[in-house]
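Going in written order, the chains are labelled A, B, C and D, and every chain counts its residues from 1.
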Amino acid sequence: MNHAILLISCPDQKGITAAVTNFVFQHQGNIVHADQHIDEQSNTFFMRIEWSLEGFKLERNDVHPAFSAIAETFKMDWRLSFSDQKLRVAVFVSKHLHCLYDLLYRHKTGQLFCEIPLIISNHPDARTPARDFHIPFFEFHVERANKTGQEQKQKQMLKANKIDLVVLARYHQIFTGQFVDSYPSQIINIHHSFLPAFAGSNPYLQAYQKGVKVIGATSHYVTEGLDEGPIIAQDTVAVSHRDSLEDLKRKGEDLEKLVLSRAVRRHLEQKILCYGNKTVVFD
Amino acid sequence: MNHAILLISCPDQKGITAAVTNFVFQHQGNIVHADQHIDEQSNTFFMRIEWSLEGFKLERNDVHPAFSAIAETFKMDWRLSFSDQKLRVAVFVSKHLHCLYDLLYRHKTGQLFCEIPLIISNHPDARTPARDFHIPFFEFHVERANKTGQEQKQKQMLKANKIDLVVLARYHQIFTGQFVDSYPSQIINIHHSFLPAFAGSNPYLQAYQKGVKVIGATSHYVTEGLDEGPIIAQDTVAVSHRDSLEDLKRKGEDLEKLVLSRAVRRHLEQKILCYGNKTVVFD
Amino acid sequence: MNHAILLISCPDQKGITAAVTNFVFQHQGNIVHADQHIDEQSNTFFMRIEWSLEGFKLERNDVHPAFSAIAETFKMDWRLSFSDQKLRVAVFVSKHLHCLYDLLYRHKTGQLFCEIPLIISNHPDARTPARDFHIPFFEFHVERANKTGQEQKQKQMLKANKIDLVVLARYHQIFTGQFVDSYPSQIINIHHSFLPAFAGSNPYLQAYQKGVKVIGATSHYVTEGLDEGPIIAQDTVAVSHRDSLEDLKRKGEDLEKLVLSRAVRRHLEQKILCYGNKTVVFD
Amino acid sequence: MNHAILLISCPDQKGITAAVTNFVFQHQGNIVHADQHIDEQSNTFFMRIEWSLEGFKLERNDVHPAFSAIAETFKMDWRLSFSDQKLRVAVFVSKHLHCLYDLLYRHKTGQLFCEIPLIISNHPDARTPARDFHIPFFEFHVERANKTGQEQKQKQMLKANKIDLVVLARYHQIFTGQFVDSYPSQIINIHHSFLPAFAGSNPYLQAYQKGVKVIGATSHYVTEGLDEGPIIAQDTVAVSHRDSLEDLKRKGEDLEKLVLSRAVRRHLEQKILCYGNKTVVFD
């Protein structure tokens, strides 16, 4: 059954929820999920509402214009989507393939409702899984001299493929600000530490040397600041002196898969709103 | 700031959320929390809505009558409460005092918003913490012969003290069905296992003998069936062959404290709805 | 670097550790891991000791006979192995392929040090992953009438392939006692619940109907009693009223992968000792 | 039953374990626990061995001199203790009393085997729990001008009371290097974040502003660098956008209690060895 989904944020005031739910009810929609949140510090209202289109009296194309009046009244930032619309996802990866395999298997078995029209890498290693899962694979060898040019070509490829979401499944190249700005809140990265601890490179080595008793993984939207974008999902696992650096990596990889796929899933389900450098994740 | 809270369940249909939120908006209330859930199997709608009474145009005593018309229309089971109303809680305990200490300390430091006018026990051990935290303590020695009579007296005492919630903080006596029926969804128990595994007595010994690698604790509403009422909260912790029976008990006690206080807190905050043998816990 | 590993259990008495470590030292071995445990209820001593063969003065084939005298003195149950010996593993699977994919990917990337010469199924679904990972695949259609015969053929195939360990990665057929007895502590199953809760079929449905707030997965050695063998590994994850039966399955599958691969890894690393219906897992 | 415990670290070489276990066996001791670890980066050997003194042929006072020869041979750093020796612990606390209550309750119920002859604070708030649990309480009002003098007096008081371990249960004063040097690996602190993230003051506010999805607590030995000493124990708990700053504090306090008591317990049980800026925690 197809559903409409509204994601809303605006300054808080009386009557927002009533206005939105009335809108759905007037046109005979049945609300199946509704969740809201108020950030008291900034007095911001956030809402996600999902209703069944069965019996809904507005045509699909008429929902957006019809809702615009309400949105204007409350000065809403808003996004309308439909549950049968598949986002188009490009996966970037380097040499560590565990997250890629995990995403592809979840995609294949219906856990991630999206299209994956391309996998992009700066190394040849992902060619095999791409082939096994029947996804086009493109290798862009990147070095200092050709970096900007390659990024330009990748960007054109994303555009040509109408990509809605870029997932960095352990892609070890840093994008330019220009690239990042083209996909605001549309690039999801997995960082293999519990941010803000151990940002930057080699976080497992950093954790090992620090002697922590818990390691983590963090999935976040990519912004210009390295490993600093809004956090979507995090998780941790216990370690001890018995764990070698190799053990940290192995345990960490299992976390990375869980955390990245959780973040991507939430994004595909239209459950995330960004504000400032934080996220509201309705789950 | 004082808030009104509505807990609602009814058969799902179009327009419920709109009707409820309109009610709040018409009288100029500002919604601060709203959460809903639909159980698809039984087609039941659940809602918790909380709004600020600042600027709300209905007097406190007029809210209930005013909402009744809506409630009737949708055949709602509903409960209205106000955030400044302190529930009155009786704690029952036997010889294991860790949950009692934990509840009393949380109460004292404002984590549990309630009155605790009495502690009841079938043993003298809790007299000291009761005194240290300045709560009246009553000992009811229970044996087979006097069980019904003692329960009768306890019930009178609860009534006389206008008790809204009974918390069994490791109270090792089983109430009669008659007692339980007097407090539907108003008696919270902590069971020291991950139910439904290891119901009944000595769950840590059962877990030890089974050789499980994880132990748990379960907080639930008490119904006539032993350890079978609707589950409110559960949590688990890893154990290994190194853990003796004593270790299981020690680790388990830490879980029990967390799980019981979480359940009591949710109840006091009017966040729990029961349906069938399950709970909706809005958190 | 190649290591020797001894797994020992025997009645506890003075001098066992000294005797074993002296044995290693006399022949100039360097102990790299040593762990022991005493079960106080049964007064049983358990030990795992691993030493480097670099500079060790006994030939590989001479270790077993040389240690036998000590083993006899202390009435040891013992097993000698070498870290470069790859166990030979057969994976059985039905239609849920997540655990299979997970094991194959871990095997391919070196996390599971073993040979996997064959995958066996009662359904055709696993043919594709078997092919992608280049592992021979054999389908044995099983129904009531041919069950014993098919099991007989499977057993011959295991024998012919010198299989050391059978992994049931969601294989939904119950073996006969005869089959199970042929592989004592050599068949590892994943059960998709937190045993002993929800043994038998459809544990996610059982958990959903019970309204638990935590679900689990259990990996155990297979014995004649259904879902009753010694538990090797367990883990749990929180769920709520928001989680549909489908959500429980999805969250549970992630657990199953972690728990099964952990159990298999421990077995391959010779870290598990069984006693009674429990395990000692040295990690 | 009384046990002897040896904690050992030394450069790794062949024969250490054999030498130590022979020593125990020669004098007819029965080993009840033995655990070892090798740090491969620094080639350091760590061991904890515990044996029953029942039937042990050396007098208590003769164990230390008898073992010295072995210790010298292997250039050991070592510490001998006996399980019936209660360490003497001073608890320092400021205004947040949750960890103090938790430690006192665990002490009273036998979970922490130690003496607590004094509680020291820079505020009067802990006077009540100190009195309820019958522990002498001393208030040292500290401000910039009298800081060194007060610390001097505290040090004398610790000396006079033969304190073996100082526990900082949310004590919000920074000790001078001189004080810290007097108690190497004998001051345990609880920091209310997942170090190294959010070191310094107000970690919950830092975490709230960063929008993390997991918060943590860290117990560590105090060294001169603020919040930088060797980590003993850490744990984490999930949070979301729904959690206010107050919620983070409440959830965090539960973690702090668990993590600090775990660290103190491990120290009292002689299970911790420091090396470099890390710990080996035998559990």
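One rule holds for everything that comes next: contacts are C-beta pairs under 8 Å (C-beta built on N, C-alpha and C of every residue); 3 or more make two chains touch, one makes a residue touch a chain.
Everything quoted here is computed from the prediction, not taken from an experiment.
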Relative to chain B, which chain has the most distant C-alpha mean position?
C
If I compare contact pairs by residue number, which of A-C, C-D or B-C overlaps with A-B on over half of them?
C-D
Just curious, how far off is chain D from chain A if you go by their C-alpha centres, in Å?
41
Which whole number of Å gives the spacing of the CA centres of chain B and chain D?
37
Note the residues in chain B that touch 2 or more other chains, in rising order.
242
By the document's touch definition, which label belongs to this structure's chain graph: line, ring, star, complete, or other?
complete
Under the definition above, what is the set of chain D residues touching chain C in their complex?
12-18, 21-22, 24-25, 28-36, 38
Spell out the part of chain C that touches chain B in their complex, as residue ranges.
37, 39-40, 194-198, 210-214, 216, 230-236, 238, 240-242, 244, 276-281, 283
In the complex of these two chains, what residues of chain B are touching chain D?
97-98, 101, 105, 109, 111, 132, 242, 250, 254, 258, 283
